[in-house]
Each structure stands twice: as C-alpha cells, then as structure tokens.
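Okay, got some structures for you below.
In the two complexes that follow, chain A is the common piece, with chain B as its partner first and chain C second.
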Partner chain A sequence: MPREQFDRKLREIHDDVLIMSSMVEKAIQRAVDALRNRDERTSNAIISDDLAINAKRYEIEELCIHTIALQAPMAADLRNLVAVLFIASELERMADHAEGIARITLMLGDEPLPRPLAEISEMGTRTVDMLRRAMTAFVERDDQAARAICDEDDVIDTLYDTAYHAIIQEMIRNPADVQRLTYMIWTSHNLERIADRVTNICERVIFMVTGQLEEINVSRY
Partner chain B sequence: MVIDVTNRPDHGLADRIAAHAETPPLHERIADIAGPVVIEMDGLSAYYGGFRALHDVSFRIPERKITALIGPSGCGKSTLLRCMNRMNDLVHGFRIDGSMRYRGQDLYAKGVDVVEVRRRIGMVFQKPNPFPKSIIDNIAFGPRVNGIKGNTMEIVERSLRAAALWDDVKDKLHQSGLALSGGQQQRLCIARALAVQPDVILMDEPCSALDPIATLKIEDLMRELAEQYTIVIVTHNMQQAARVADYTAFMMMRPDRAGELVEFGDTDTLFTTPRDRRTEDYITGRFG
Partner chain C sequence: MAIVYVAVVGVVDLIVGLTIGHAAWQVALAVGASTVAVTLLTVVLVWPRLRQLEAATNVARALAEGRFDERAEGDDPQFGSLAAALNAAGERLGRMVDALRLERAQLEALLNASSDATVAVDRGGAIVYMNEAAAQMFGAARQEAGRAFIEVVRDHDLNALLAAAAQRGERSVRVVTYGPAQRWLQATAVPITGGGGWAALAVFHDLTEVRRLDSVRRDFISNVSHELRTPLAGIRAAAETLQEGALREPVAAAEFLGHIQREADRMTQLVEELLELSRIESGAAPMRFASVDAGALVRDTVERFTRQAERAGIALRATVPDAPLHVAGDAERLDQALGNLVANAIKFTLAGGEVEVTAAGTGGQIMLSVRDTGIGIEREQQGRVFERFYKADQGRGGGTGLGLAIVKHIVLAHEGSVSVESRPGHGSTFTMVLPRG
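Right, the complex of A and B next:
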C-alpha cells in the first residue's frame, strides 16, 4: 500500500535538497574560479547568494519537521528525513566555506596571487565532483558508492598537505608575502573542510540506507 | 545542475533498502533477550477446530518488561495473548501444538490449575468491563474468590493506588464502577487485575476505547507497573507500542491465514532498523 501523500512530501524535500546541493556546488566552483580570475564581482555575488542557501536550509528543515510531526514516519522513512536534516546542515556549512574563499579573493584585492593555485584548483575540482557524486548516492540510496567517496577524502588531505608545506616553504623564502600566502592556506583549508563535509553527507547516506551510524573516514585535520 | 531531478529512481522503498531488509533467517529476526524469562513459546501453533490461527511461534517474554504484539488485523495477536493464560480454553474446538511455558512450567500440561494460571497471569480487555458493582467490590471480588487473606480495605487501597486511581475515587468507593469515566473504568479493571497479586498482566488493546489523555495515563501507568510486573500488550497503535514497549513482536498472516511471528526484538531496533522487509513495510504504513 503506497503512502501517496507522504511519498509526495518526501519527493518535494529531496528535490529541495538537490536544488540546495546544486547551489552549493556552484558556489564552490565559482569561488575557486573567482580566486583564480581575481573576479571581485563574482565573489560578491557568492557572498550575497549565501543568504539564499541559508534560507533554503531553513526551508528544508521546516519541511522535514512538519513531515515528521504530521506523518509520523518510521524506520527507513524516518532515517531518510533525519538524514536530510543533517545533509542540509552540512550543505549550508559547505556554502559558508565557499563564501570564505570569496572573501579571501576580496581581501587580496588587486594584489597578485602569491603562487600558482595548483593544488587548490585540483582540490576545488575534486571536492565539487565528490559532492555531486555524494548527492547521486543520496538520491539512489547507494551506500556502497557513499563509502567509496569517503575514501577519496584521503586524496584531498594529501593535496592539502602538499599545498600547506609548499606555502610554508614559500613563506620562509619570501617573508614579505606571508599575509597573501596565509590567504592561500585559508583557501586550501576551506576546501579541505568541504571535502570532510562531503564525507559527513556520505555517512548520512549510509545511515539512511542501512541504519548504521558510523564514522567512515576520520580526517587528519 | 548535474543531477536530473525529473528522471531518477522511485522514492518508495528502493531496492537497495530492500537488500538490507528482505527476510533474514529466523534466528536473526527473533532476538534473544537478556535477563529472566517469564513466558516461553516454542513452535506454538493454535487451532480453532480445523482452522490454524497461529503457525509455529517461538519467542520469549522477559520479566518486568513490556512486550508489545503488533501486526495487521487477523494476524493472531489476540489469539497468542489469550494462549498465555489459557483464555482460549473457553472457545470450543480450540487446541495448541508446541509448548507454552510459564516460568519453566508447561501451561497446557495435564493437571494445571487454570484458575491459578489466570490469577498469576491476569488480563485487561479492550473495552473497560467493570462489574456492575461498587468500586470496592470490583477490587475485592478477585481476592475473595481466590481466598487471598488480608485486610480488604488495604488490598483495595493498594490496588487502586498502583493503578493511579486512588486519588480519583477514594471519596466514592461505594459508588458503582460503571459511574466512572472510560479511562477511570479501565484503570479500575487494571486495579482489579492487580488485586490478586499477579505476576504477568496481559492487555488486549487496553486503550482502544479511550481518548488520548486517558490513553497517555494508562501508558504512564504501564511504565510504572513494569517495575513490578511483566506486561504483554496487544495494540493496533504502533506509536503506542513504540512509546511504551521495551520489546516488540511483529506478527503477520501467512497465505494460509495462520498468524506467524515475523520479527521480535527490542523496540528501538524494530522501529528504526527492522531486519525484515515485511516489518519495514508495515511500520512505514506501506502494508496493511
């Protein structure tokens, strides 16, 4: 016996989560691009668009709370909504990291980048890809895919390590660039945290499917 | 946007979830319990004449816990409950196969004193059914016929207090039990069951005729009673099972219409991560 009303509500909520995740994906990608292109206008747009992402998060939360209160979901349905609550909050925080990168671009102003983005660019591309696949795992309820994505966080950690050490070396060589190089550390740290949050989303997907709450890949940072 | 929201898998119970909750082997679906066992069923089948109402039910009821029996109508919950104090003996043509043990003793062995069984394993029914007598007489009747010695007023007060009814009725003990509200009448029936100092209380949908406030009062009372008594409750209200029960048994009707036990386990697990797909479908409202 299908639960038409409940299933329709769940579909609405899932659609909203996907819309939110695409907003976040876009924010991360644009933040890294704007840093590379020194694009203040886009950076300002990312900062103001963050308000819409925050609003979306509260909208999803409200929908989940109403659905839990009115439909009294159980078992897989309940896990699904609880997972959505956590995922929405992770997405919102990821957008904050993207906003952080946008602010760094603004702080750099007209000054040149102290070094090529290299690892930062790759971290950006990889985290966006991880997020996209994590959301596909969510939609398809694919716990195996979610597990595999968690493992990829190690690659991001390694890239972060490489960037961090290279930037420190650069600071030693050119103390005058310390401030701008610090911005680079902040940027890579933001991306590293975004990847951690993708891992958190994957953990929620696994919980949603299997009912098991487990920490899959503990970040080194 | 990369994910196409218009063309993606169905939001119903997806196959992947099904893979985690198909039909695992019986021993994985029937949890063992920690602590002392009060009632133990092994391969229990029940028949009304030629009709088999229960099919091979095996599980154990833990002491001083609340165990809920849930499942769709006709799945044999009430039959199973009534087997626990031989209430079905009153039905012509009723018989069982397998064993039903109470504290290690076969309840259906020859020579078992059925009156004593029902004193130790009391019952509260769906509809409050006080005797058309005074509140005192309702309570005192059981101890009197069971030859329980002691000060009647003490027994009455103790039982009414235990059923959280004393404060409501202490000034009108000589009034008819039928003059009470539905919730109070049900608590009177619980007090009546407690008066004969039972070990187990069986409750057959005890709140189905009560309003939500009276229901919550009975549920609170059940939690208190579980400190001293073993309680088994049949309920159609899954939220009630989730709220009050420590353990839950989910039953279903087989194709031959006999009821079978699908899953038994602690309530937390059964309502959040059931092991069997059929339990999942039932508690998420997609079956029944």
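Right, the complex of A and C next:
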C-alpha cells in the first residue's frame, strides 16, 4: 500500500485520538467544576457523555486494527499504532474516573460540601493540564516533554497525601460528616488515578519515539 | 548592396571563367563566394528579427513566472506587433494582479480588524486560513496552515462543528466553552461551496465578558431580593403575631416590636450600604482628600476592634513603622475600608487564630494589609470576593455581602488597588495599595 495512503490513515487516527482526549479533558474539568458548584445537570451529562467516549475508543481501536491488518506496518509505524491503542484505552479509563466524580456529586445531592475542595481543585486543574501536554508530546513525538510530565505526578501524589490527611483529620473532628468526607477521599483518589494514567500515556509516547518500553515514574499508590 | 554586388561579380566571373576554360577552381571560388554572401545576407536580414523574437519569448516566460514588469521592444512589422501584444498583456495582467493583491490585503485587514476569530478548513479538517484573532484565541502561530484544526484548538466540540460544515455541508451556531479558562464562545460554522480548498469557515465570538456581566446583573437582582426578603419575612411574621393577639400582652408585644425594629435596622443598613456603594462608584460622593497617616489609621482601627477580637478569642495586633506614612486620601473612607477588612478577618478566623494589620511604604506607594490565619478562600473564589453580594462562605456570618465591594470602590476612588492572597485552611491577606500623600 502506498506510503501516502498510510500517512493519511495515520493522520486520521491521530486526529481521532486528539478528539477523544479533548472529550476526556472536558469530562474531568466539568466533573470537578460540577462538584464545586453542586451541578447535578452537568454531572448527569458527564455520565451520559461517557458512552460517546467509549464509542470513540472502539472506533479508534477498529481503525488501528484495520490499518495494522491491511498495511502490515513495521517498526516505528507499528509502534505508533500500538501506542495509539494503549492511549485510547487509558483515555477511556480516565473518563470512567471523571464519571466517578460526577456520580459523587449526585450522591452528595443538596448537602453542602463537608470542606472546601482546596487540594482537590488544584489536582483537577493540574491533571487536565498534564493530560493536555501529554497529548501534545504525543502529536509532536516529544519524548523529553513526556519524561518531564511523568515527573509532575509527584506533585499530584503530594496533593493527594495532603488532601487525604486533612480529610481524615476532619473526620476525627466531625464524625457526623464521615460519609460525605469519604466521598471527598474518593474524588481525590479518582484524580490521583487520572494523573497516574497520564504518566502511562507518557510512557507510551516514549516507547513510540525511542522504541524503549520503560516505567518512568512509579506512583506511590 | 555590397554583398549582392560580390555575388553578382562571382556569378559573372563563373560564366566568364567557364567560357575561358579555368573551370575547376573558378567553380569552387564562385560557390564559396555565394555561401559567404548568403550567410552574410542571412545574418544581416534575420538576426535583428531573431533578437526581437527572443525578447518576446523572454516577456512570455516572465509572464508565465508571474513577473509582469518585463517588456519587449520591436520595430519589425511582424515581431513588433507580437512584442506590443505581449507588453499589453503584461501590463494588463500586472494591473489585475495588483488589484487582486490590494483586494486580498483589504480583506485580510478586514478579517484581522475583527475581534472575532475566523478559521477556514479544507475537507480533511486541515486549517487553510486563520486570522490574528483566531491565532490569539487558540494560542497558535498564524503559520498553522496545513495542520489539523483539532491539533491546533484541541477541542472536540469546536472540531465537530467545523467537520459537520466541511464534510456534511451543515450550517450551525452553538455556544460552547473553550480551554482551561472555560471561555464562552459563540461558534458559527458554514460550509463553503466553490471555495477551492476552503470547505468550511467558522467564526468564534467570545461571549465570556457578556455572560459574566449578565450573571453579575442576575446575581445582583436575586441577591438584593433575597437580602430584603429575609428581614421582610421576619417583620411580617412579627406583625401578624401582634395582630393575632400578642398586642394585648405587653411583654410579648415589646419583644415582637423589638424584633421588627432589628429587622428594619438590617434592611436600613443594607439599603444604606447599597446607596453608599452606588455613590462611591458613580463618583457622587465627594472624597475629601488630605494627608492621612497610615500608621495612625492602622492603630485606630485595631483599637476599635480590640474588644470584638477578644470576644472571638483572636489575637489582633498592629504592625506600623515609627515614622509617619502619609497617604493621599479621605480619612473617613479609608477608615471604613480598613474597618471592613478587619471585621471580615475576625469573622472568618477561628478562636486561637490571629489577625495582623500592617502599614508599610515602598516608593510612591503605601500598603495597608490585613493578614489572618482564618479559613481562607478557594482560588476560584478569590477573584469574585470583591463582587457585590458575593459570599465565599455562604454558611458563615450574616453580612450583607457588600463589605468588600465597598472596600474595592473606596480604593478605586483613591486611584489605588486592592488584592487578596489566600490559601484555604491557612488564612488570607488583603492588601490595599494607595498613593503616597
């Protein structure tokens, strides 16, 4: 199959992955915003939009498998498609975590947040930014940038630690709030997992560029 | 003529030669002479024409290459008219291209003058044009032509609009949020038919500010109504209780009347603060500017709030330099602004915490800060606390929500600025920067 045709297919697949990552970025950002603003409507929308994200993942997977089967790519081209397969799957799981946060907002209902979001807000902003830059590294085949993003996961882990301990302290002070405070721990855990999956994407970018499969940053959780 | 003469002589010579019998060498001589004669004749007659043809070819080539200023010269009756025709074509094409270039520059200027972002894409979703506003809005370089739209804007909602227009010919208008700053964009996408490589065009109009103002207006009306309704409900309930018999029981009657009075006071305070805010904001309340000692201002304010802080179990202290720090301002208004900040700091700090009021000066500016170790303000709320009725912590305090708005407008009337730095759970610092007096 001519090279041009393969390149065109690859571009199409890349565009689809970027569309999917934008869907996931928005889902994470909107999930944290909806929790802060106690916005049930947005939370419900995030839950129903997750179906579209899942569908996009299968669409990308099918495109990749189709291209691999028909064009039998080698070396860098094959790594590229394999990386896309992994990235799509990671993105899909991230969206599930965002959906988890939306469900927490629904569970909290009209009750006020037991404490300000504080670190959780910060975790949300940072993970969305990390994901966006990880996808830029993917498009630009920039393994250095991917490595740098992996290092940032430590900041997220520290924020998670701080939030976790602060929430436990709050539980001790106000045992009546334990249930709602547990939801806050779940939220921060969801965000910590999302950041960890961003590092997985970065590892795939490094693999795609260098051909080396390495674990860059082992999360503490 | 000389050549013709030589040729004629040659031929005559040949005839004469033949007749007198020196055949061989004379034939050779004659042929040679004829060849030279013909060649010379050709050079003299054809060369200038060839040169004119070459000049015409050069002009044609220049036209093909897009250079319209090349001209050919020619006086030959045939080639001269070709040169003239090519020259005319060159001139006309040059004028047309100049006109098109001008038109393009004007259109480009029009598109760039617009604050709306404009992007055109081809059928495959690659950018074929973007104006300056678009480059700015999407944080892209203008040389993004050729890159996929999704790669540059990284937003699937915007991409879907353009893709629907480019691939399915759908025209649509939608309001979507864009980017980490969640800007509100009204996106209009239209398909283009007969636009060459342009398959669809989208215009993005930033509605963020309009929506913000609209939300401020709606919040304002809803807040004023809410703040007035609460005391009104209290007054009404007390009045009804009085009507239903409490009036005949002096002790109860006095209590309900007291309640009515307190609620009326609350409404009066709200209305007065609103009027005050409106007066400061519109400049209707004249500022009585004088040289005010910021140190004395801080000390007086701290003294005024000492008892209140003690009751709340908060350590309140003033940190001021020994030398006087003069601010150009209205002493009464500045006292009101600083008082509002200290009252807030006490309200939002738990027992055992501290509040420090500081005056300091650098260059032409005086800084008045109020630092507390209170509950702090979330980052998202920090920008909004100076808005009327905005309450970062809805559950705490029974304030009108106008205190910080008043502070902001007093400081603005002094051509100063006020800002907040805060870490949730650790405390906040409000700083007023005022011109030195």
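To be clear about the criterion, the second predicted complex is superposed on the first by the 219 of 221 C-alpha atoms of A that agree within 3 Å, B and C clash if a C-alpha of one lies under 4 Å from a C-alpha of the other, contacts with A are read in each partner's own complex, and residues count from 1 in each chain.
The working rule: a residue touches a chain if its C-beta (ideal position, glycine included) is under 8 Å from a C-beta of that chain, and two chains touch if they have at least 3 such contacts.
This structure is a prediction, so every number in the text was calculated from the model and none was measured.
Contacts of A:112 after superposition: chain C is touched, whereas chain B is not reached.
Touch criterion met: A:139 reaches chain B and chain C at once.
Within the superposed three-chain model, A:18 lies in touch with chain B and with chain C [touch as defined at top]. By the touch criterion defined above, A:77 lies against chain B but remains apart from chain C after alignment on the C-alpha atoms of chain A.
Set side by side, chain B and chain C differ in how many residues of chain A they touch, and the one touching more is B.
In the superposition on chain A, contact of A:3 is made with chain B only, not with chain C. In the superposition on chain A, no contact is made by A:44 with either chain B or chain C.
Shared contact residues on chain A (touching chain B in one structure, chain C in the other): 11, 14-15, 18-19, 21-22, 25, 132, 135, 139. Residue ranges of chain A in contact with chain B, taken from their complex: 1-3, 6-7, 10-11, 14-15, 18-19, 21-22, 25, 72-79, 132, 135-136, 139-143, 209-212. Interface residues of chain A, counted against chain C in their complex, comprise 11, 14-15, 18-23, 25-26, 29, 33, 36, 112, 116-118, 121-122, 125, 128-129, 132, 135, 139, 166. Residues of chain C touching chain A in their complex: 125, 148, 150-151, 154-157, 159-160, 177, 180, 182, 375-376, 378-380, 395, 424-425.
Interface residues of chain B facing chain A in the complex, by the touch rule stated above, are 1-3, 5, 8-9, 11-14, 16-17, 20-21, 238-239, 242, 271-274, 279-280, 283-288.
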